[in-house]
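What follows is a group of structures, each given as structure tokens.
Both complexes below contain subunit A, partnered by subunit B and then by subunit C.
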Partner chain A sequence: MYVAARGGEEAIQNAETLYRALNGPLSPALVEGIERALPYLVDRVMAEGSLYAPDLAALAIAQTGGDLYEAVLLLRAYRSTVPRLAYAEPLTDADLVVVRRISAAFKDIPGGQVLGPTLDYSHRILNTEALSRDVQPEPPAEAEEPAPRGYFSVADWHRLNGLLAPTAKGEEPVAPGELPDVTRDPIAFPAPRAHRLQSLARAETGGVLALGYASMRGFGLIHPTVNEVRLAYADVRLRHPITGVAFSLGRARISACEVVNNMADRLELGFAATLGWNEVKIIAGAMLDMEMDKADAHPAHTEEFVLYHTEAVESSGFCIHYKLPHYVTFNSGLDALRRVLLKRDTEQRKRVIDEPVVVEGEEALA
Partner chain B sequence: MDHPTLLTALTQAPAAALKRFADEVLADIRRIEVIENRVGLTMWPMRDPVHGADFFLGEVLMAEARVRLGGEVEGYGACLGRDVEQALGIAVLDAAWRGGIATRRIEEFAADQALIQAEADQRLLRQVEATRIALETF
Partner chain C sequence: MNLSDLSTPTRDYSYAFLDAFAKRELRRRILKAIAIPGYQVPYASRELPIARGWGTGGLQVSLSLVGPQDTIKVIDQGDDQSVNAANLRRFIARMSGVATTFDTLAATVIQSRHRVPEEILSEGQILVLQVPDPEPLRRATPSMTIAREMHADADYAVMWLNLYEQIVRYGEFTGGASYPVLVHSRYVMSPSPIPRWDNPKLHQAAHLTLLSAGREKRLYAVPPYTDVRPLEFEDVFFKVESQYGRRDRMTGATHKFMDEIAHADGSSTFSLSDTGYQDKLVKRQSGEAVTVGATYYDDHGEFYHAGFLKS
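Moving on to the complex of A and B:
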């Protein structure tokens, strides 16, 4: 059995035309405006689309009328059509121009704390003046001396103070081409750490937040503190294929977070990073990273649960597939239900006919 | 000027200025062969500060070009995004610099661009410094 739609092609075309007409025209100015005016939204689409391309992410937002799941899908689809040309050099602290760096665990971290661009301490009030006139932002204040480009990592500071185990040394660094890669290999559990961190980097923000928040509210086994949050511009460094020298082919926005938990005899860290600036995602992600290491984590915080259910395209795709025609499968279930009802009805009638009538009470006496 | 500094300055130059300059340098070049000029992805690994291992932060869209000048010297250029002309311009300048063509002009252009970038960085970092907080325990 199958179900065919009559006039479907024309209806589908008309539906898309209506969608685009209601969303308004697309133009280079609109795309440039989105890229310029909505950088955090563009960051989110790039991170979840796992492709750093601000103009294309802005285009995806414009083309989908701001439907983020569709925008991420568009970017992932585009990404799958272009070849992989190279592997950049691993991003380290030396490649960062840090614009925001805070710690909630230690007030006196080496290099100090800079708030950078943030609304953390601002009143959240709609600026309704902007509905009737242009509102220009004030020029930012400038100190006499510049902040440092980068900072000594808080985690390394802990290591120097003997609070944290040193990172594994002596192992040969894995060539980038040999790194586990979720875009090419299925994840097997327990996942390699590279798979876990890559999955968190491209995970859907709302999913990461929901599971992270569940841990924070009390379903988790830990109560960590933010060790360090960093927002930065990072040089993407590539090796010149002829001379072999490394150079920067440009800068991209990234964010990274470590959370720290105070154990009986040591500190332990959780970590998450992502393309673009997205603090909610990296804080929740870093907490989930730590939670996933626990032997008896809440079922919603096991590695498989977290990594599978925060995959942006798979989860949204699975959800929206439910609105596509399911007539045959649903009808098959309905047929089974009708058969059961018919059988029950028949058996009941048969029972009524076969069984002797028992009359109770006053009717029996009469 | 060393090679990495030159390449970094060229990739960070505004695309329009770079293309104009590459066009000027091209006037001094007899024969150019474009070996590759395309758009693609570069995988971007990051070092995990917890365990020290690398993982892929994501992919970066890039344009790249490889050229050969005068049948001899090869040059390579790459930049973020999809601008294959920008990548081609960088590759031409790279090949010219490596082949000793217009070396001084190219280095001057790159030095100017590096200075502009450094000044922009300094301004940004002074703005960041203005957001520094000192925390005291009472």
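Moving on to the complex of A and C:
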């Protein structure tokens, strides 16, 4: 078999070798350390990589030296090779093991405000002690009573009070396998709700924040209130294909946010959820979800704009593609430019010849 | 006979990387694209182990086409050795075991970014063009939704208006690469950012051209022997890039698409953009036996479909 290979291939192989040498060795200990010590980073890579696999996400972070766009791409590319074997059972709010849930809409809510693990009310001070000695976190205080298994949904309270439209009754829930899947179908606009929520769940955190923040700051039409933010563990439940018995494959960290907006005669709900614990992303995402329903939303807050431009792999990939050679297209443009310049030059010369000679002073008389 | 004769050994990856479902989807979309020349067919577009925007659309098509008997050529800007072309070729060969070549005539599948080779492609060959932006109406509207409606209505007035404005303002068409074409008298299509020099090569071509944008999730096709006409007026004509006075610095060849090599004193020299073709000319000049195919433009710059390019 004839294999075409010359300078280009050697160069790219050397470049990769240099990169890997500078990044240093990989080891199971490094990957485990990243998974244990950087859970929020691992969460972010899993969400944007659209694959819940903490060990693989930690490996991706290690292998790319922490270049998150590259790490996300690694997970996405790996995901393309994995077959889809089954669909998990749908979950409701009540099925989640909630560790944190707060509402800004009420001082207190049924089940209580549960702060859970958060830095929200902490002083953001660098712990420089840790530069010179080991610092052990204090053990958390035990709760006086065990947390309830599930929490009452604040949105349900709104529904009970006739403030929010009731959820559609009598409709059979869509079978998981029938749900539109943004990884298997091309997206078209207006997007099915499933595509929208899936896209937001996979979206790049910074992109969602930038567009969401623009909406919050004043380019949006809405001023919503956070109805509920939840951090939870979700059981991934499957039904056994033969016995039909439901069983848990394991738990995934998830986060979800609802925002409500007062529409004068009713409340309106925006929602976003993602794999991992990422409050910034779900709050901005829920606001965008609501904003994207508006008829005359700012152009940067239309569904097409938001979903296309917050795609982590596509946006970062296209951005770096500008490093590729473009000399053929550039040359094609130069040819067009030179034609225009030549034409202008020729016409100017013609004009100089054609125009009558202006005698000094004649201009003033004209 | 035993069981191992009947089964295939376990592999880490499917043949040619993509799983069978992804390939089936792609092949169906490709057939649809061939059936509706120039129409952009949406597809799911899987992530591949190279960055998005680096040829993942073309790569998915190539991976769904190749079989063990194929020979693949990959070029970027006409150059087989360009680093990304080398990387894509290495990936396709690694995942599918196909033979690779620099010779346009020897390839069954040619994946290309920004160029169509100079030697005339023949029946049975497939040209896969990588597409960054499939939408020729993008400058008229950045919205894919509105652009789709315009295509459905064949509402291309804005394209003609744009050409007219170029003439009024600059006296010339100012478009560089990606010059829009009308396919089979129906769909306005972006030929991908190939130079205008390459646009006519798609017209009534013997080969099949597949164009695929992985990031934008659209693929489209020009079947063999299909009309592909650049947008032009009855009295103002589409022009290819002038190669007048340009000579290849290695072989002295003329009337082919040239790369301009800039020098510090402000001057330029020129080199054939199609390096596979250039290689063969060099070999022929040094007396090696080599088959150089007929080219779309002859040594006097005449295009092989006489009269297609008006002047």
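The working rule: the second predicted complex is superposed on the first by the 344 of 366 C-alpha atoms of A that agree within 3 Å, B and C clash if a C-alpha of one lies under 4 Å from a C-alpha of the other, contacts with A are read in each partner's own complex, and residues count from 1 in each chain.
Please note the rule applied: a residue touches a chain if its C-beta (ideal position, glycine included) is under 8 Å from a C-beta of that chain, and two chains touch if they have at least 3 such contacts.
No experiment lies behind these values; they were computed from the predicted model shown.
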item: Partner chain in contact with A:Thr225 - subunit B first, subunit C second, else both or neither; value: neither
item: A:Thr17 touches, of subunit B and subunit C: first, second, both or neither?; value: neither
item: Subunit B versus subunit C as contact partner of A:Ala194, first or second or both or neither; value: first
item: Which of subunit B and subunit C A:Ser27 touches, first, second, both or neither; value: neither
item: Touched partner set for A:Pro83, first subunit B, second subunit C, both or neither; value: both
item: Touched partner set for A:Leu269, first subunit B, second subunit C, both or neither; value: first
item: Partner chain(s) touched by A:Gln348 [first = subunit B, second = subunit C, both, neither]; value: neither
item: When both partners are placed on the shared chain, which of subunit B and subunit C touches more of subunit A; value: B
item: On subunit A, positions contacted by subunit B and by subunit C; value: 79, 83, 183
item: Residue ranges of subunit A in contact with subunit C within the complex; value: 1-9, 11-12, 73-74, 76-77, 79-81, 83, 183-189, 304, 308, 313-314, 316-321, 324-329, 331-337, 339-340, 343-344, 347
item: Of subunit B, residues touching subunit A in the complex; value: 2-4, 7-8, 11-12, 38-62, 64, 66, 74-76, 78-82, 94, 98, 121-135, 137
item: In the complex, subunit C residues that touch subunit A; value: 13-14, 17-19, 22, 42-54, 56, 73, 76-78, 80-87, 89-90, 93, 99-102, 113-115, 132, 143-145, 148, 170-178, 193-197, 215, 217-218, 239, 241-242, 257, 259-260, 273
item: In the complex with subunit B, residue positions of subunit A that touch it; value: 46-47, 50-53, 55-56, 79, 82-92, 97-100, 107-108, 112-118, 140-149, 153, 155-156, 167-169, 173-174, 176, 179-183, 193-198, 201-202, 235-236, 238, 240-243, 245-252, 254, 256, 258, 269-271, 273-275, 289
